[in-house]
Amino acid sequence: MGIATKDLWVYYDDFAALKSISISIDSKAITALIGPSGCGKSTFLRTLNRMNDSIDGVTVQGDVLINGSNIYGEEINTIALRKTVGMVFQRPNPFPMSIIDNITWALKFHGVKRRRDREEIAAESLKRVGLWDEVSHRLKDPAFALSGGQQQRLCIARAIALQPEIILMDEPTSALDPVAARVVEELLISLKEDYTVILVSHNMEQAARVSDYTAFFLMGELIEHSPTDQLFANPKDNRTEDYITGRFG
Amino acid sequence: MNKRRKLTDKLMTILPILSVLITILPLISISVYLVYKGVQYLNVQFLTELPKPVGQPGGGMANSIVGSGIVVGLAGLIGVPIAVLAGIYLAEYGRKTKLAAVVRFFADVLQGVPSIVIGIVAYAVVVIPMGSFSAVAGAAALAMMLIPFLTRTTEEALLTVPQDVKEAGLALGQPQWRVVLGIVLRSARGPIMTGVMLGIARIAGETAPLLFTALNNRFWHNGLNGPISTLTVQIYNYAISPFTDWNGQAWSGALVLVLLVTGLNILVRTLARSRYSERS
Amino acid sequence: MMQQLHKGHLGRDSSPGAQGEHKQDKRMLAATIQDRAFKHISLLAALAVLALVVVIVYQLTTNAWEAISRYRLGFVLSSVWDPVFHDYGALPFVFGTVVSSLLALLIAVPLSLGVAIFLSEIATAKLRRPIIFLVEVLASIPSVIYGLWGIFVLVPLVRQSQPFFQRWFGFLPIFQGPPFGYSLLAAAIILAIMIIPTITSLSRDALAAVPNHQREASYALGASHWETIKNVVLPYNKSGIIAAVMLGLGRALGETMAVTMVIGNMPQISASLFMPAQTMASLIANEFGEAVSPLHVSALMEIGLLLFLVTLLINVLAKFLTTRTKHKGVQK
């Protein structure tokens, strides 16, 4: 069980966004991906649920193994894959529906036929992200009425309602105010009990605070991947050191 | 600046202001006549009764009002789904394909085709095979006018939906059709509904495509396969008739038409401001 | 391999074991098929737009074929239109269409440009909105209502004004003839009113595309407000304005109801603006319903085909002009 890539290359047309990435990511832990913008960390994240499929000109070479199967293999259904691998985006992006429907909408397709069951799962998920007390009395309100931080937690609830194994997070706090970001961060830490979390972060302190492992990307290459305290206290590579001490990026 | 240049400058900047005044003049005149003449024959009878034969006073346009509703509604039933789906193809599936570019081009160009031409084409395609003028033929003609316009409006509306909302749907393991219908279309429903209503308002005012398709009917329509009266054609017939009574009723019909179309517009603008349509 | 991917998920909904997995597989397969089906349905709808073009061209051409093969080029050169003796020539209608539309442009273009200049160069934001709104209202009035107004307001006005023109300019052939009111001039005026919104809003877009630094540069050189408009703003996006005028022309050529109601509908070529005439569109509106002989129908279809081709050509040209300006706008 887990995520591993072997000699992974990703191209945007002729430009190599990821160069020969081989990495093995631990389960039930938070792995932070850091690096200057354009280093390929988001691209890497998006290859893990094949989110790049719909973008023109993207080619993927090499293996991405999740639970032992190559997710770029022929018999893989992206729909099944994305149920296993959830995703949370940079900007909170609730659907134009009520709070409760935001969660139940996807469940319907995944075979939860009875409405009561869907609403029960939604309630569980909202409790899991600590939103239940704030919204239980207004579940039918439009999701856009929530604050930014609440919206982002709703998006997390939406993802975990499908019971994924892995949750990909693309800078989930960068659009939030510091207080809301703090709440989401604490939620993140609690999520690793049940999920494998991969977190792209633009913020090194955040990476240091919440993650168990950190991977440093630079210009499409994976420079270093170690336990977080080790990487920040004792980087093996000079380039990592330069980055974390703020000498560039 | 010398005096002459200053004078020219003053004079020439007055011209645009003058243009605005001249342009507004007919609008004022039309509005005043529409209200002043329109109310004279407007009463309960006008809205609820069939036309009376020549020479008999009274009578109304009830059949034409209902007929317009039927023909325009039917045109919407045919045209809106096709146009919205075509818009989905252009914005979601086709986007950068050559085919989409060609469809876009012709959808734009078709909007300039004279409506009378659409009318005789619909006559050839629907009336001749059916062997009769009909509500269906009128609706087909109007749908032909609606589709190119609404296809482009829908496409533009869909393109405003942010990419990350679509991706959020896909990332939940949903098939694309569900994302398109459940998320993308819903996100853009405000501008799409506005487009639908603008389109409906536009075809509701059309006369030329109906002359040889829906024709007209002095009585209640007899099913959708027979001729049907519409407000616009009735206004036309009464306007060019030599009878003062009918001329007056034409004005009342015109007033009703404008009120219905404006009412529709206001209704939609209120509905479009719906609860979920704004993103914070 | 797939099974491995979804083992153990959403245990809540599906029964455990092989049966649940089987159910999920079926659902995924169904989703793939639905996706493909939906894509093809939307493709079909997009193709319907193209089919519309094909149907229009095919129907007009085949239905007009009898007239086309019989008269060939002579159709547009002959000025006799006689349904009784089965002789059909389109010249009077081509004349009526072209002249009424060009006259309409003559009136509408200066006014539209004036309004557009006012909106983009002179008006304050407060004034701009209501005027844009009024122009939009003008565009939304159904053509039959313009016609109605034309019959009862404009035509009498034209009739009453004719003696005045004849007294002072009667020596000019364009003002001669009996005072009908229903005339080329009435048609041209009503067309002008109807195309002003089109030309105004499109040329306003064209003016809006002129970057502000162009204006500032002109003022910096000491040019006055008007000189800036005339020498910098208007020439900057000429093709956009030409496109606006062309689309206005396209609309005028094909406009049917309002023209039919005020032009008098006489198939004649006359030098006088005050004489009745007839356009291609108004001819179809008047005669198509009563045409019995196949040749008559066919001749009317050919008129429709000509009208279609001309407006198509104008719209295509205008479209090329606007896309060219768009590219220009991006570059600068």
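For clarity, chains are labelled A, B and C in written order, and residue numbers in each chain start from 1.
Here is the rule we use: a residue touches a chain if its C-beta (ideal position, glycine included) is under 8 Å from a C-beta of that chain, and two chains touch if they have at least 3 such contacts.
Computed from a predicted structure; not experimentally measured.
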Q: Counting only chain pairs that touch, give me the topology of the graph as line, ring, star, complete or other.
A: complete
Q: Would you mind telling me which chain pair, A-C or B-C, is linked by more contacting C-beta pairs?
A: B-C
**Q.** Approximate Å spacing (C-alpha centroids) for the pair subunit A, subunit B
**A.** 47
Q) How many angstrom lie between the CA centroids of subunit A and subunit C, rounded to a whole number? A) 51
Q.
Between subunit B and subunit C, what distance separates the C-alpha centroids? Give it in angstrom.
A. 15
Q: Quick one: which residues in subunit C touch 2 or more of the other chains?
A: 31-32
Q) Hey, what residues on subunit A touch two or more of the other chains? A) 79-81, 83, 109-110, 162
(Q) Please output the residue numbers of subunit B that touch at least 2 other chains, ranges allowed. (A) 175
Q: Would you mind writing out the residues of subunit A in touch with subunit C in their complex?
A: 66-71, 73, 75-77, 79-81, 83-84, 109-113, 117, 121, 162-165
Q | subunit B contact footprint on subunit A (complex, rising order) | A | 49, 51, 54, 56, 78-83, 86-87, 89-91, 93, 95-98, 105-106, 109-110, 142-145, 148, 151, 155, 158-159, 162
Q.
If we count contacts the way the header does, which residues on subunit C are in touch with subunit B in the complex?
A. 31-32, 34-35, 37-39, 41-50, 52-53, 55-56, 59-60, 63, 110-115, 117-118, 121-122, 131, 134-135, 137-138, 140-149, 151-153, 193, 196, 200, 222, 224-227, 229-230, 247, 250-251, 253-257, 261, 281, 284-285, 288-289, 300-301, 304, 307-308, 311-312, 314-316, 319
Q) Within the complex, which stretch of subunit C touches subunit A? A) 1-2, 4-6, 9-14, 23-24, 27-28, 31-32
Q.
Considering only the defined contacts, which subunit B positions touch subunit C in the complex?
A. 1, 5-6, 8-9, 12-13, 15-20, 22-24, 26-27, 29-30, 33-34, 37, 81-86, 88-90, 92-94, 99-100, 102-103, 105-121, 123-125, 144, 147-148, 151, 175-177, 180, 201-202, 204-208, 211-212, 215, 232, 235-236, 239-240, 247, 250-251, 254, 257-258, 261
